[in-house]
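In what comes next, chain A is part of two complexes: it sits with chain B in the first one and with chain C in the second one.
Moving on to the complex of A and B:
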């Protein structure tokens, strides 16, 4: 555990040194400027647009962090040869990888907390009151990012950095449209094709399961079991992907 | 610094060139009378897929764009694909209250195709009610729009009926609905009195109760007048003058007792017209 914690902290510190928090500043500026602009352009409830904009912005910026960091996660350690020093100590490969994952996730979550605070304050400033349900939506974005960061970790050990980023981005895109794969299976006749599409649906993460934005923005009820099952789904998927990453990293030639 | 001067000058000149050409382009008339830009709007399904879990945000963006777009074209061009655009927005975000409201308002701007746009307004509000069956505000807005803008009381009544059926609808909707029904002639006076009595029982404050009392008073006076006026005429025909009091009709066996209004006060006999008159006793102030 100690090894994982040390590697995670070091990864977080490294990310902060890389000015990753500038993304948070970018988010704040974007949200403030767009809120002001939309206030001029829109007719009606401005807070609805701020919530939509803010939640989508948080998701987008965190996804960018995951994608960008996946480039650096392992390859930089190999390029700078620090991985050899670390693995020469009593640190197992899987501990190293899980530490990297936790560090990257912590980086994402630090940004998530700061961005969520900005959004809540901005909604309050524009007369939308303090809406604690916004935090439910952002927390679920956090769970979505935990899954995405796991994929980023997997791709960082599977392939080259640039490809890893592209694959992580692809998982994000496919994860948000995979629900339509399921709908597609409902329209396909009973055949091998339908079985293949169904199997594909279960292999690809359905990131829409973590999407509670509409419910939060429109004040709709959120069934507690939807949150609980989404958490279970996220945890299982994350552990599964991390396990695959650890298996691959354990046999990878680091020369 | 001196070495970089030509580069800096070149950058500044290029920037000036870009600004000048952009300004020149703004002056070139580029109307879109056929709404061609709108022809290339993607479907709601495509936009939803492309939004990667943020259809609400895409709905916001199309909504903001539509407000700008429809505020810069001349009226006859303005309405091209209007219903398509607002259907797109409300398909992306079916609970977007402002989009229904503003879309309907734009559709109501005066045009040569009044009937077409009125039908579109009704369709948009019907869609709003299907998607937000608990939202009495949108039903009320629809009722007012149809009544005020198009003088269509029947549609107004339909939307107000939908609004009043929703729990939490303001009491005033019941009042307006009853009045419109009366004016529409769809109800008998007795139906209207019964309805106003029910409305009064549900009233939440003194003002609403007073409004109901006023309506009931007026309706009861109108109903009683239809019964009493023929009796007054009959008495006048026999006696050659209008009776000075109801007692004379009671004595003649035409009435069992002095007729009283909703508040228990006797009606006044107007000697000029020889008819029963209610006192204008109930005022909102």
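Moving on to the complex of A and C:
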């Protein structure tokens, strides 16, 4: 456990020294500017717009951080061979990878907390009060990012950084149209295309399970069992994908 | 029989670079034994398999077959890894950290007790003469300074087996002397040192034994003088009372000075020259075997390897 903790803290520190928090500042500025703009253009409850844009913005910015940092930091460690000195010490390969994963997820979560705080304050300033459901929605974005960072970790040990980023981005996009894929398979004739679409549906997680934007923005009820199932689903996929990453990394030659 | 610290048996490794490239067989049944407490040099030309062997021992490359034990333990056991201090050919370090921060991180991974980390780090920084520069970011370090920090992280865990891949490469003469002194210091403490190098004089000076590796196999193992003793190829003979040009036996080179003459002959022609000198009534002053240097030995191995 000590090795995982040490590697995770080092990864978090490296990400923060890479000035990743500037993205958070970018988010804050963008959210303030767009809420002002839409405040002028919209008639009615401005807080709905702020919540909607804020949650979408958090998701987008965190996805960018997850895709860029995860693939970059792990590949950099392997390509620049700093991993040599770690793995020659009493550290197992899976401990290294899990440590990197935890550090990267921590980086994403630090940003999530800061961005969520900005959003909550902004909603409160516009008279929307403090909405705890908003925090549940941002927490679910955190779970989605846990799954996405696991995929980024897997791709970073399988392929080159650019391809890894593209694949992770693809998981994000396909994961959000997963339900449509399912509908598509029901309308496609028996063919190779249908088999591919249905394989995609089963392999890529349905990331819409973590999306509570509609419920929060429109004040709809959030069933507790939906949250529990989404959590179980997220944990299952994270463990599965991380296990695959560790298995692959465990047999890889470091040259 | 001395105790064995590192044993490698029939190590094989083939790399598969890609779909359209031919596999590269780097290690072809390499066998090696390094005794406890000795300084062991690992020599060979580029591509002979030295670095791959070292990477296999440290767990960075996974061998296709063969066995590696460290202190009698399988090399991938955590207890075996705790015995090792490793320094790679080039210092691959986190440039965004200071030397001290990096060593603290390394000490943590080596499971040094938290209360002892700062003292231990300060001690190894002093050992590698980096005490005054430890708080600078490593991206400001010269190659020699990075090499020293890499060496410091190898010493942090008080290893029983120090594995150094080309530790002197890229260092200036002072840096090389410091590394050599450090190796000798560790040797005096009873640490086994296993290192590869291209700097032949250093190997000749400090190694108890060396192994020459060529084409993925060990070609010869032994004390430096034993390896070289087999390689006596010629003799230098000094004599008076005869002009060297009068010798019927072919010589490699000859020189006539004011007092005496000097010839160099192939080892298998030594007796012919001695007989001729006796027949001509000349007086032999000296007979000196010309031993090849380690460099000569490596060059001949390289030529053999290139031919195979």
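Throughout what follows, the second predicted complex is superposed on the first by the 238 of 255 C-alpha atoms of A that agree within 3 Å, B and C clash if a C-alpha of one lies under 4 Å from a C-alpha of the other, contacts with A are read in each partner's own complex, and residues count from 1 in each chain.
Throughout what follows, contacts are C-beta pairs under 8 Å (C-beta built on N, C-alpha and C of every residue); 3 or more make two chains touch, one makes a residue touch a chain.
Computed from a prediction, not measured in an experiment: that's the story for all the values here.
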Combined model on chain A: chain C and chain B, fit or clash: fit
Touching partner for A:41 - first (chain B), second (chain C), both, neither: first
Which superposed partner A:187 touches (first chain B, second chain C, both, neither): neither
First (chain B), second (chain C), both or neither touched by A:251: second
Which of chain B and chain C A:176 touches, first, second, both or neither: first
First, second, both or neither for A:53, with chain B first and chain C second: first
Degrees between the directions from chain A toward chain B and toward chain C, using C-alpha centres, nearest 10: 170
Which superposed partner A:85 touches (first chain B, second chain C, both, neither): second
First (chain B), second (chain C), both or neither touched by A:2: second
Closest Cα approach, chain C to chain B, once both complexes are overlaid on chain A (Å): 29
Shared chain A contacts, counted only where both chain B and chain C touch the same residue: none
Chain C - residues contacting chain A, complex: 15, 55, 58-62, 78, 81-82, 84, 86, 88, 90, 92-94, 96, 105-106, 108-111, 150, 153, 157, 163
For the chain B and chain A complex, residues of the former touching the latter: 49, 52-57, 59-60, 63-64, 67-68, 93, 95-98, 101-102
Residue ranges of chain A touching chain B (in the complex, touch as defined): 38, 41-45, 48-49, 52-53, 55-56, 59, 172-173, 176-177, 180, 207-208, 211, 213-214, 217-218, 220
Chain C-touching residues of chain A, taken from the complex the two chains share: 2-3, 6-7, 10, 14, 17, 80-82, 84-92, 251, 253-255
